[in-house]
């Protein structure tokens, strides 16, 4: 049951609109209820082949030898694709926005870093024949020590998961193994707080579990192009990622998607498209690569696990005066998007409250598990769990009603937030008030009268004196380059490239002799000091 | 055997969009000669309603009925660039781009109408039903269809528009974390009521009451879809879901929908929702985005309700019956807190 | 090595085909065999079917009833005479799975499935098997203990005791998901009362061991006693004895041991 | 590969196809007949997106060996609409906003039809039971339950 509370903030709105605010039927509803909405897999192409990947059976191992002799001869096999067949077999998703280093191969070559990592792609006439060929592949592994705990991974001597980041942590600003947030003097405030509460929170991974699994169909199209039907949540991310990995101009591809059977963040990673297109390039036939459900659950990227430590200082009157947070994002074996989640998480601290002293360190850590990715509430969901459980405990500690405790500490218009921007357009207090009303949860009049638009700013608008870290870490930029990484460091500062010419010649092969086209990046950069 | 009830709350905010690469999205809007409009996007509808909400934004901006607009998503040959559907950016970023494109198209449409009606374009307004007329003189009117025909076949004008929304780049300070992470924030507060079985640790959802502030409910039915479905996912995250039930030990991972547990149709509880609208200054018609944040308050609210019911704190997600039972046993039994 | 489907009109022919081919599996309702095929189980290359109407027979009369191996759960739910089996039949899958899944297939379903078999175990079932060398009846416990080796035999039917009264047989499946989910534990109890005392108690548990097992210690605690609170408490505290549950995605061994007695007590006392 | 000839009724029309050994009905419907309304969600029997009616009974097409439907009648979501007119269940799903991504919708509608064909005025509990084999990841089930109750003339509320 949904009720629109038009009475609140009415003075800030024009409610005399014609189409906005109406419960108009969805444009796609007729398609949905008649089953005619067209998803990526609803395209039947003549002579379609089927791609399945051979996945690592180890969480961490060196690959000594890959023997495909029997598999090559297996009935119905059209092509077995190895890492060496992938034109640029190293990528990181956010390289399109110049954030992070290429660290993940499309097909593992010398080492596997998580159980289920793709090593070979087998293109066959039928799924059954692909499965039969997979069973005939022999891979000789040399198992390596594994690490699965984020804090263990950061300890000296921990197994190195991903050589691009030898300390098992994403490197921020070329210097730090975490993103910092510093606002005021949290340690000093903790020392004088009436109560200090330190707690540990943990969220295990979460699977997106969309009813439609990840997948794509790629087919040679007219004039040397490839048409790609895809379940992607980010069409141009996928187009440009494929152009980079396959080293062809992006307009080689005609991507079609847009109607997707649920995503929740699990279809951002361009998981299937590069190999699917490569399969079509190498066989000249349409190729489908769709995840089975077990693949989706085990090897499709989850929402990563997070471990969070919070130490709060609170006064007897209920004011939270300091919040110190250390958080670890479990990125799995590769970066994908967790590097950004940590930054988003740092900006989210200390939650929707005005706390004068905030200190945060957020780490993106590599372990030997399935790489994590974005999911609904990315970077925030686990932190909100931790903060709000903590708020409940603090309210209990000082003997306050938890609703009133939140209103007391809520941020208001004009307050300075810990990431040093003024709070505007806030509405937390009103939400608490209305929820209390709906739940028939009594709160006192003074809290009913509170407003996001009153009593903020002033002294709450100041940026407090913030001591510099006394033990600022001086990590040398950990730039160990791998054998795959062909991007010179200077490229990070390259201006955006011109778009490719409108009508390129059809690519003669997936590996053109001409200079790299695929490295074109989106036109801007994630902020670093150097800019 | 004892079952105990408890209530818990949580309040949250959520950033709209992301601070990466300016988070841009583009839209193209054009009319055919019958005055019917197409919005071309490369943005994805994965169920959240991208096609529907941008359609309403376009119709409102153009001043035409929603039936006269059709949104085409996700063809890389025809749809201009969009970062993608994530980070609660769809309604806000893409909506803004569509609004800009529709505004430009409307400008041409009004100029073409002005030429036909031999008035100044500034003196014209749309009636939202497919007509353009002189302000204060509804009889001096022309239909959008007639305008489109005139523009195409007589005036040589394209009734079309381009739109982009781009956020100024914000550097992140390595030492302090100073940055502009988002342009606006949605808010929520949720009260969860649960029942806890102190012999089995099983938690049953009894009801939820919530207030969500999301700028403007551009389409209340779509908002309801997100909030109801999102709260269900929040319950699911709180009590059920994990592909690694023994994290950090990566064993016994589920392989199917029997082993990956999510609440079924018999596990849902009544949920009363209030929607507040404090328009975001930079949102399309003030809208923010309800899609992601709707799940977030449920997790801590449920955890806090469990504490209220049986006096144990479970700080590890998901809060399985096993964790609850272990905690109750560690405490020597359930310790119900003050009813609220 | 693609997949070959062999369809026979008699179960004996099907059994012969099954026993002569190590890569053959018998197709019942499809919930196990078709899933294996879909997921790329290449050890399976021959699918054997039988259109023998004998496999579809239900004999609901008499103190022991017989169900053909091909009888679906939906059909059991349609038989008024089999109301004592309705709760276990209804606990399987959603409606589609109940229209497809069979009594015979359920005997082979691993944890967290095989709930109907828990009921059959409590009801002292016997399994009629057709092997390459003829047919035989074996007690269900013997069948379950040797289940891994039964791939080459065909189940023809299952017979079980009809409880003397509705209260004499109780069944409950504990799942995380409502109304349907995989079993955390499944319990079935057959407690015939004779002269106010329990005579011939059989308690069966699912997901408490690699296959469905009897809770013999709990049975001993009930045998010869009246079904009162003290007896139930004794049975409940003995419920986990002799079990060997595993950790799984649905719960740990520890959790299963902790709650099996609670649920047995609630089942026997008729509590929710 | 050896092919087996197979004839059955598909949404009221006779169809004849050749299937490979082991082909399931979902693949036969989608790739050989071209009826894309049943969806692949798991191939395990766990999600219900591939639900169809076989001789009026709800079945999972992914777990049905295609050749077992020889001579039988298979109905998919494509059979629900009568000409241009939506089936009452389709209308009710639309009116109740009971679809978001739409991927589970074909299976949900078939499960709902199987229920209403046998039980025209089900209780809420019966509706819940009827869709218990179908996963929806978007809606939280409530609007789907309400839609089915509304189509049956039942009370559409929580």
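As written, the chains take the letters A, B, C and D, and residue 1 is the first residue of each chain.
One rule holds in what follows: a residue touches a chain if its C-beta (ideal position, glycine included) is under 8 Å from a C-beta of that chain, and two chains touch if they have at least 3 such contacts.
A quick note: this is a predicted structure, and the numbers were derived from the prediction, not measured.
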For this session: Looking only at C-beta pairs in contact, point me to the busier pair out of A-C and B-D.
Result: B-D
For this session: Take the average of all CA coordinates in chain A, do the same for chain C, and state the distance between these two points in whole angstrom.
Result: 44
Problem set entry | CA centroid of chain B to CA centroid of chain D, Å | 29
Problem set entry | Interchain centroid distance [CA atoms averaged], chain A/chain B, Å | 18
Seminar exercise, completed: When centres are defined as mean Cα positions, the distance from chain B to chain C in whole Å is 46
Exercise. Which chain B residues touch at least two other chains?
Worked result: 46-47, 49, 221-222, 224, 228, 230, 233, 245, 253-258, 260, 262, 264-266, 270-271
For this session: Name the residues of chain D that each touch 2 or more other chains.
Result: 1, 20, 22, 42-44, 46-47, 97, 100-103, 125, 128-129, 131-132, 135, 137-138, 158
For this session: Pull out every residue in chain A that's touching 2 or more other chains.
Result: 1, 25-26, 28, 128, 209-210, 259-264, 292-294
Problem set entry | Graph class of chain-chain contacts, one of line, ring, star, complete, other | complete
Problem set entry | Footprint of chain B on chain C - complex, ascending | 112-113, 176-182, 247-252, 254-255, 258-259, 262-263, 266, 271
Problem set entry | Complex contact set, residues of chain D against chain B | 42, 44, 46-47, 97, 100-103, 125, 127-129, 131-132, 135, 137-145, 158
Problem set entry | Residues of chain D that touch chain A when the two form their complex | 1, 20, 22, 30-31, 34, 36-44, 46-47, 49, 76-78, 80-81, 86, 90-91, 93-94, 97, 99-106, 109, 135-138, 158
Problem set entry | Contact set on chain B toward chain C in their complex | 1, 199-201, 240, 245-246, 251-254, 258-267, 320-322, 325
Seminar exercise, completed: Per the touch rule, the chain A residues reaching chain C in their complex are 52, 75, 127-132, 134-135, 292, 294
